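What follows are several structures.
Note that chain A is present in both complexes that follow, paired respectively with chain B and with chain C.
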Partner chain A sequence: MCGIVGLHLRDPELHPCLGRLLTSMLAGVAERGPDSAGVAVYGDRRRCPEGYAAVSLLDAPPDLPVPGALVTEAGDTTVVAAPLPVEELLAAVTGARVVGAGTEVTIYKGTGRPLDLARTYDLADARGWQGLAHTRMATESQVTAEGCHPFSVGPDQCLVHNGSFANHASIRRELVAAGVAFDSENDSEVGARFVAARLAAGEDLDKALRALCERFDGFYTLLVTSADGFAVVRDAIACKPAVIAETPRWVAMASEFRALAELPGIDDARIWEPEPERVYAWQW
Partner chain B sequence: MIDLARTPLRALNRELHAPAGDAYEVLNPRGAHAVAAGLCHAVAVEIRGHVGYYCAGMNQLARVTVHGNAGVGVAENMMSGLVRVRGDASQSAGATAHGGLLVVEGSASMRCGTSLKGADVVVGGDIGAMSAFMAQAGRIVACGDAAEALGDSIYEARVYVRGKVASLGADCVEKEVRDEHRAEVAALLAAAGFEHDPRDFRRYGSARRLYHFTRGNTY
Partner chain C sequence: MTLRESATFDRPTIAAIQRAAETGVYDIRGWGAKRSVPHFDDLLFLGASLSRYPLEGYRERCGTDVVLGGRHATAPLHLDIPVTIAGMSFGSLSAQAKEALGRGASEMGTSTTTGDGGMTPEERGQSRTLVYQYLPSRYGMNRDHLHAADAIEVVLGQGAKPGGGGMLLGQKIGDRVAAMRTLPAGIDQRSACRHPDWTGPDDLAIKILELREITDWRPPVYVKIGATRAYYDVKLAVAAGADVVVVDGMQGGTAATQEVFIEHVGIPILAALPQAVQALRELGVHRTVQLVVSGGIRTGADVAKAMAMGADAVAIGTAALIALGDNAPRYAADYAALGSAAGFYDFQDGRDPAGITTQDPELAARLDPVEGGRRVANYLRVLTQEAQTLARACGKAHLRNLEPEDLVALTVEAAAMARVPLAGTTWIPGT
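Presenting the complex of A and B:
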């Protein structure tokens, strides 16, 4: 099954409320994925101050050689932020299991009940301008923190996936042949690597996701975010649910409406179900 | 009046299954699943807000109105009664419904009336792709457009569309509209409360080439 939620806040007045809003959204999809939950928060200066880069690590060794680092422990995840370029910070944590990196995004992964994990991540107090979360009911690979979404394989990029790709092994082989390295056996990581390769080649989210629709077979509702974008796409037969809502203050998507029900101004929001194989992208 | 912000959903459905009154108002559904599902008494239920999956599923006799949008499978397997959605309906609206009338005043998403077994579905706006898939009996009226693969593998349900049809599914064909069909559309529009001219609708149904076992149907 799995559940997805995502929220982009257009109104800076809402930025201090991001964590609280995202927690209520996560609660709305908790039943869809009781195995594990992952969260990404963009612009949380508690964890990644202005001018810093942050890396999110799983099972980080206790003595990381990063002088002056701001370190946050959150269950299986450790977020390390430092006033360094992203590449230098990544080089400094060589050997650790990196699950996200950038100047905006911090990522948290763990196994267990989603709302317990939200407390572990201190999600309710998070601030920022964009966030997304995924609750997982595993079908294609094990229930581990590594198997949690979002998959973040490019700077400040995230992909969350509800569904399963049928031809992921073929595309994985092509990407490996092209020099792409993988972290897990997860089918969704193949989607994330595919999109990251397209974005790195200069495509925008809309174009990259249209290419994904042409190349990937299977079931998917995807939410893909970056430092300057928020995009949703579903497979050709729209097998997995999705609903989008938009107001002048925010854009949100979720697997089900009940995850959106607590958002401010939802009664006046434009609410619709995304059509199959149509990319809905917001870029700024 | 029952406020789902304070009353558990199961308490609401227990009351509606053995009703003390004949009219109910439900507040704050907030996308909850199975609101007013399994009713079997002639009660009126007004739901103020958006509902989640399977609202008014298996309905018998009851008149359920959703003043908002409905999630997947509204009025699925309805046997009788009337279910009205004032907003839009998600996928599989009226799936496998045997009887009664489902009215969607907005649009219905994909798979509207899938495997319909005798109910009537009237949609004020558009119907999504793969609507009327394997529909066996009953009528579907779309006042707007129909998306791809309308009526794929359809049996004996009749489909009327006022707007454009993006494409027809396997074994679904456009058929002649005779006076009896115009009268049928007029009656359904009147029951649903829409004021379109029945002459603007085109009729679609089964070519009856697919559902007989013949030696021609080899793959």
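Presenting the complex of A and C:
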């Protein structure tokens, strides 16, 4: 019901090509999610300069009171970067709907055809060391920019999900009882909040995703990224498609192989289908 | 001229008035409420379709195990299925019946429970996991049996008669039952309606600590309540230190109680369950302190619905007796001779032709504990498989992952009590 692609570039020589590679990957999963698409780009210094923090906002009010800010509009999304710590920038934009924040990541969400959106986000031009994209066919929530993945609920964290959780209402209740606030009714947000809580408690991606496997029922292929990690996990039945490819220059995952077919050196890559309930995590 | 029956003075009502006038004593009977009350039948599951995926019946796992009592006990119970056998006393049941329940429960990896009459060697011997009841009557209570128990259930009340004590009619008090209860044989017996050891939750906390000290904090301590002010009672049971709270709905079975009690006191399990869950959630202990519910559990659908509403496990009484062979048509002639009929026999009278709710040695010998155990195990197996069928249809790889959001209600009453939306709407009355 959705398409996922993700790319982590180990080789700095490839960093200028991130956007071009990601756009071709996105094209490979566009039909899987024709409603809407979201993108995350890590380490693009034109979008979030060194020493800056960036927040991605939906329906941002026209004049945000952030002095010295770099404001870019991309469809429904407005990215505000400023030479402030993340918390201060977040405090400065209270009232706006924040869909991502960090010192590395900029996030774009919107409804419409994925490749049109890629142009809106100027994706082809993006540089950086990591990126991911998600194309969505909504299940039990509305087609809105807010419902788009990635769900980014912790600093520089992203979660994209293909599938549907079967016990998310119960886990949401537990998290709410523990003081966690939610932005949407989306089941994937529950996954993102669960992982964020674990990471905030000091766990690494591997451990957090193992805990997720224990606790979450239903179907999922998840790609979870952070400022220092890239991880993939699937449910016990591994019902939703996924393929991972790895070379010394990059690690990539996608819902379908064709999204990986144009990556440089794909012919020599190690390519495999991730096993059920096994966490594949790269952390550095 | 057509005869018209009065709705207010219907035939059972008229018969009850006539019986009262003739005898001058109120009616005592077993079984549970016979009136119709909102129940799990008024709920339906939303199966998976396109937005969710169901699981395949025979290939894909749907777990059923449950751990009870891990809050404070060092030896919590690990049960293979979330259906347990409720406490039914030796006295109300024959030794053979108790043994058969133990055999059936053990075969399926679940627990059985003693009752208001102490622990018999037959049931201890045949029960892999035995919950020992500690009741207001304290019949048969002793330290050795506390040590022999896998869990201790402090009984504050029963759904059939919250606020009332147990009853056992003289015909069921044979020499062995009398000796275990230190009471004279053949005389009607009424157990205390309140516990002599505590007057409220403060003393109950002390009692529970005492039980823990005696048993070295090993077995879990349950607290069983009859469903009335379930929200407050559950909170108090947790405050008193319970590892597990058992809530028994008003339609729950009993061995013998005043008819007026059975039909007019307490609330149905459908109404009590959300209150209990709310109490546990507000205390932040839902799933840490487990919730076991009972009262009218008959099918795997009842099991699955109770769990979806937030119970960790269920307990069965009446249904287990029926599985054993109670009210079987093959004893139709015997039931008729007692002035009853197969399907209507109420347990209290002591001359149970099926050999289950009796202390008559000849009648009791009719029940083969091995065969009875096999029947109970079969029934538990079907309950479990039915619950799994529904859980898989809702895309759950474990029964515990069922949630209230999987349910809708058929009637406004059930929607309001169960706190799930009326089918086809998003409306939950009262919210």
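Just a few scattered comments:
To be clear about the criterion, the second predicted complex is superposed on the first by the 284 of 284 C-alpha atoms of A that agree within 3 Å, B and C clash if a C-alpha of one lies under 4 Å from a C-alpha of the other, contacts with A are read in each partner's own complex, and residues count from 1 in each chain.
As a convention for this text, contacts are C-beta pairs under 8 Å (C-beta built on N, C-alpha and C of every residue); 3 or more make two chains touch, one makes a residue touch a chain.
Given the structure is predicted, the values throughout are model-derived calculations rather than measurements.
In the superposed model, A:237 lies in contact with both chain B and chain C. Touch criterion met: A:170 reaches chain C, while chain B stays clear of it. By the touch criterion defined above, A:219 lies against chain C but remains apart from chain B after alignment on the C-alpha atoms of chain A. In the overlay built on the shared chain, the residue A:28 is in contact with chain B alone; chain C does not reach it.
Once the two complexes are laid over each other on the shared chain, residue contacts for A:271 go to chain B alone; chain C is not touched. Touch criterion met: A:258 reaches chain B, while chain C stays clear of it. With both structures placed on the common chain, the touch criterion links A:120 to neither chain B nor chain C. Chain A residues 237 lie at the interface with chain B in one structure and with chain C in the other.
Listed in rising order, the residues of chain B touching chain A in the complex are 30-33, 50, 52-53, 69, 71-72, 88, 90-91, 109-110, 128-130, 147. In the complex of the two chains, the chain A residues touching chain C come out as 139-140, 164, 166-167, 169-170, 173, 177, 217-219, 236-237, 239. Of all the residues in chain A, the ones that touch chain B in their complex are 28, 237-238, 241, 243, 256-262, 271-273, 275-276. Interface residues of chain C, counted against chain A in their complex, comprise 48, 50-53, 55, 60-61, 281, 284, 394-398, 401-405.
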